[in-house]
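Order of writing sets the labels: A, B, C and D. Residues in every chain begin at 1.
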Amino acid sequence: MIIVMKTKAKEEQVEGVIKKIQELGYRPHVSRGVERVIIGAVGDERHRTRLQALDSMPGVDSVIPILKPYKLASRDFKAENTLVPIDDGPVVGGKQFVVMAGPCSVESMDQLRETARAVKEAGASVLRGGAFKPRTSPYSFQGLEKEGLEMLAEVRKETGLPVVTEIMTIGDLDLVCQYADILQIGARNVQNYPLLRKVGTTRKPVLLKRGMMVTVEELLMAAEYILMGGNQNVILCERGIRTFETATRNTLDISAIPVIKEKSHLPVLADPSHSCGYWQYVHALSLAALAAGADGLLVEVHSRPQEALCDGGQSLKPEKFHRLMDALRNLAPAVGRDLSPQVRGSNARAIA
Amino acid sequence: MIIVMKTKAKEEQVEGVIKKIQELGYRPHVSRGVERVIIGAVGDERHRTRLQALDSMPGVDSVIPILKPYKLASRDFKAENTLVPIDDGPVVGGKQFVVMAGPCSVESMDQLRETARAVKEAGASVLRGGAFKPRTSPYSFQGLEKEGLEMLAEVRKETGLPVVTEIMTIGDLDLVCQYADILQIGARNVQNYPLLRKVGTTRKPVLLKRGMMVTVEELLMAAEYILMGGNQNVILCERGIRTFETATRNTLDISAIPVIKEKSHLPVLADPSHSCGYWQYVHALSLAALAAGADGLLVEVHSRPQEALCDGGQSLKPEKFHRLMDALRNLAPAVGRDLSPQVRGSNARAIA
Amino acid sequence: MIIVMKTKAKEEQVEGVIKKIQELGYRPHVSRGVERVIIGAVGDERHRTRLQALDSMPGVDSVIPILKPYKLASRDFKAENTLVPIDDGPVVGGKQFVVMAGPCSVESMDQLRETARAVKEAGASVLRGGAFKPRTSPYSFQGLEKEGLEMLAEVRKETGLPVVTEIMTIGDLDLVCQYADILQIGARNVQNYPLLRKVGTTRKPVLLKRGMMVTVEELLMAAEYILMGGNQNVILCERGIRTFETATRNTLDISAIPVIKEKSHLPVLADPSHSCGYWQYVHALSLAALAAGADGLLVEVHSRPQEALCDGGQSLKPEKFHRLMDALRNLAPAVGRDLSPQVRGSNARAIA
Amino acid sequence: MIIVMKTKAKEEQVEGVIKKIQELGYRPHVSRGVERVIIGAVGDERHRTRLQALDSMPGVDSVIPILKPYKLASRDFKAENTLVPIDDGPVVGGKQFVVMAGPCSVESMDQLRETARAVKEAGASVLRGGAFKPRTSPYSFQGLEKEGLEMLAEVRKETGLPVVTEIMTIGDLDLVCQYADILQIGARNVQNYPLLRKVGTTRKPVLLKRGMMVTVEELLMAAEYILMGGNQNVILCERGIRTFETATRNTLDISAIPVIKEKSHLPVLADPSHSCGYWQYVHALSLAALAAGADGLLVEVHSRPQEALCDGGQSLKPEKFHRLMDALRNLAPAVGRDLSPQVRGSNARAIA
């Protein structure tokens, strides 16, 4: 932590800060510049809340943190990439580019089965589908809840595709864990700390979506809450941030991919569907995400988007998804990736 | 809902949309312009999710909603201002400008008591203080939890000030309700819909803080979740939105005050402390909020900010808070408001 | 400037940075922390471009500037408030709260005269009106140019109100200077450096509007370009920044008022009309700006807004402006300000 | 244009709007819904400024435009891709992925020559380099101006690489046109309408950079100003927008690539260097831009970045640029593009 004193700070104010730094258990390191005094506080900055409060001391201009505020999520802490294996499914974070696809929400057995078969055939290796839906409007469809989870389980059995589905509240943890292979924490819950702590106590893979108002640093801090509980199976997901641009629903922060790869060892997916909000742009953004170094995608596919109860306008039809998978398969080798192949053993299970 | 067709949409595509609108139970109203066809879908737009999905039909350029997506929160639904009475405290939303003040987090009995007495003396009519703290970093102080609630209760008894404190998760509802006069939903939980539904089942006043990336419309939708449960005691709070400006921690969206007053009947406070993040600007922003028509303030005051475990840099010292209250008291009549007087009966209770 | 080395930076990399700092004429000051080395570069940071480039040296994690990048605009440089006197008009930056009002664009002699008389009567002390209009669309009305300037001059003579009008390009400087009492630099030109330098060579008061994506620091840097030329008569203007919120056209950054007052000695106005884009909110925002410490307002008034060629929806009608001026006059004493009185001598000139 | 009346609008207010629409030369089309009346105004919306002003009429809730506000730049107007041929250089907008590379600013003959040779060798087909530099700080290096242009001309002769360089003000047009093959309009001048009109009168290719605060729609409107003058040789460039994220300097809006490709026929480049501000992320973003459908790149390369007078931290060293070009060449075929080959005839010219 660096404490920058005001231009006209008095010597006694400088002394006051030095004394306070020592009281808080840090070692002060004073540097007298042309215009002002700068004081370093040497020690573990992670517990720095109290140092931050120095900015209300007389004579202090600002307090600048130096260390990253996260530890377990950082590449300094763990240099090699984390691999997250999915039960009966792919490993996320390795050479394989993992595509998770399916409808925004589970609406009916027919819709889910039809879509699941289509995405499997095209080469997706995880099925996505929401049973609990966080909707801005209380008048919108809120998901089939338990019934939706049961449909996911049934289709999982039929197709062999492992399932990623959202959990919205602590009380549903046991229920959702029974059905889900990957627990999804939605963008609106990325700073729901009690929920993060709770999923940190399981060993289920967690797909943590970046909130639309959350910086990469804050996303890594959210991941830290899960990692602290001992659950290392964290997969991050960039899904668009909120900006002034209205041509797309959100703005896919493609730079977040290389930034996360540099700062953290955790795998990161991109969600092109929620990022842009229009199926027309999903193809281009998916290719961009692969090229930028993402470890996979979360894509919305719906067999009949114009009848969707949720986000129809951003869902790909099966034939467009097929075309996307072909394009990804074509592009992957040029950036040293494999596209996720058919899930091994799925047929066996589907048959059995 | 208005469906705008593409410039070159074919007649059969127009027919397809018309048919779909009818199937969904709306009445189509076709308007043929110079360049394109526009189709109105007449009917209750609130259940419009499925209309929105029309934008994935062939020939459709865009789908534009016309109605506001909220109802119970809107001024169209209820023209007169909602008044929210606080137990043993002021009424929020009336002539009185209600100042809620206190430390960001409850840290110790001494800190809380000292601060509470100071803010009461200065004329605050509600005590704020967090026992459960949502912190970006898992390494920061997370609140005293139950112990903090008990301190609040104790100081409430001593000073007669009703208490507003944050609830972070459904499981804590009964506990927090025992101690709090007002349930605070923090910015990070503004779209935690299960929590909103749950507090909607109580009749406790709820202070709903706007999220830093939530539009006014989305804030009103969040309020709608609470109102739907039958709890009419909703107080909104503007606390700064996230923008590119870094001179302040967030950007107080002062326009949100008149916008909310026009669109909704619910009372609205401003939180100048979290908005700017620096105590230096709290005075000016507080006066601005009063002048803009806010119904009150949520202000951080700490008897010794440089020792605060949380947000010390944005907390006013008691003497600065005193000066602020004097300035507000001076300004209030010019905009037709009274500053909240001492809470009646508080002494009696404190003595008993 | 502080150079933060990477956690695993090698000793030779540290030495390399130290050497480079010395080569660039700065004094290095090394601080060895628990996890990493931090190096201060002591010397005048204003010419720091080259120090910034150190972040491409091996072993360097980041380079953090300490000093403010502006000098002449800063309060450190000049402690007392700058007063900008307007010819035949008020002084901006003193006790008087100066209201500049008029139509967005000059459209006709009748429209301008009618509006000017109305705003004068209500107590405005400067007339605003654009002759050169920067319009997003090339198909929109672009201003009457020279003819508009002549109308402004004529109405100036009739009413005695000094005139503020926009200059868009260097080539128009002489022309605009002939007619304008205050040169307005619009939001889109706030970083048009050749234009800023050019108006810096005059001694005309300059009203510099903050760009909608410009930080307060960048605004002060833009002012620095003008001040460097020797023109001290700079008036800043907060006019709303671009955010994700769509309920208003832009978001009035009310905090910018106290931030600018703390960091700079220059006067600052607010433009509530462009900030929100709807006349309904102009009243509340104007009062807020006065309460927050602004030195005045720039308000759009149009005698017949529904016939305006530009920004009709955000213009106040004369009677609403009258009501606003009354409210401001009522509020001003509570924050130690006078509302600008009738311009002295204007009648004399108008009669003569 | 669609005029939405308020829920409780009176019949006479509806009549008033209808009459006004007719007066303005449009045909009204009334639709009476469950809750409110909606009126379409049929006619050419491009000249719609005056319709917009209807939102200040009594009873009107809002006015919603339907048509795109640009015409010449739209794909509706011209379906096939525009190709922009560069003198002695590549064609932008065709199959070839065109890489323009070089230093941020021209600093010396040695620096420019060394860098130009390196980028040419790696396969860049246009040399970038600024002689006039718009710098936030007046204390930063402002460019070598005419001397810089002469260096560019000299190096152009030596290497055969055509040159793209920035023009900042109308007065420099003739000078810059003498030396530049492509006129660059910087992000800060994207809404400098007099400058846009002026370059529209030439037939030089114009590289128009998106401002950091400008929507895609506004960028296309800025292009419209140039196209209206008869200059069809407009190349757009996405260079990052301003958001709340601070891990990168700006946020590359990768979605803008497919959005522009859908809405317009103009070619579009990406500038990964300014987008992110750190050389570390330039490689990933460049690949992403190619995959997303961009027509080329504008990349900063500096032979000795740590000595750069401008933006050293975001410049690639020649060897890293070489590696990038190899990666692009490897990726291009997978998305149906060729990487720009060596410029034909350049050797001849260099030798002659």
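The definition used in the following text is that a contact is a pair of C-beta atoms (placed from the backbone, for glycine too) under 8 Å apart; a residue touches a chain by one contact, two chains touch by 3 or more.
This is a predicted model, so every value here is computed, not measured.
By the document's definition of touch, common neighbours of subunit B and subunit C comprise A, D.
Looking at B-D and A-B side by side, the one with more C-beta contacts is A-B.
Separating the centre of subunit A from that of subunit D, both taken as means of CA atoms, is a distance of 31 Å. Between subunit B and subunit D the centroid-to-centroid distance comes to 40 Å (mean Cα coordinates, whole Å).
Note on chain placement: the centre of subunit A and the centre of subunit B lie 27 Å apart, centres being C-alpha means.
The set of subunit A residues that touch two or more partner chains comprises 213, 242-244, 246. Contact residues of subunit A toward subunit D in the complex are 213, 215-217, 241, 243-248, 251-259, 261-263, 275-276, 280-281, 283-285, 287-293, 327, 330-331, 334-335.
The touching residues of subunit D, when paired with subunit B in their complex, are 2, 4, 7-8, 29, 31-36, 38, 40, 42-44, 64, 66-67, 76, 242-244, 246. Contact residues of subunit A toward subunit B in the complex are 20, 46-47, 49-50, 52-57, 63, 69-70, 134-141, 168-171, 188-189, 191-195, 211-213, 218, 221, 224-225, 228, 242, 278-279, 305-310, 312-313, 315.
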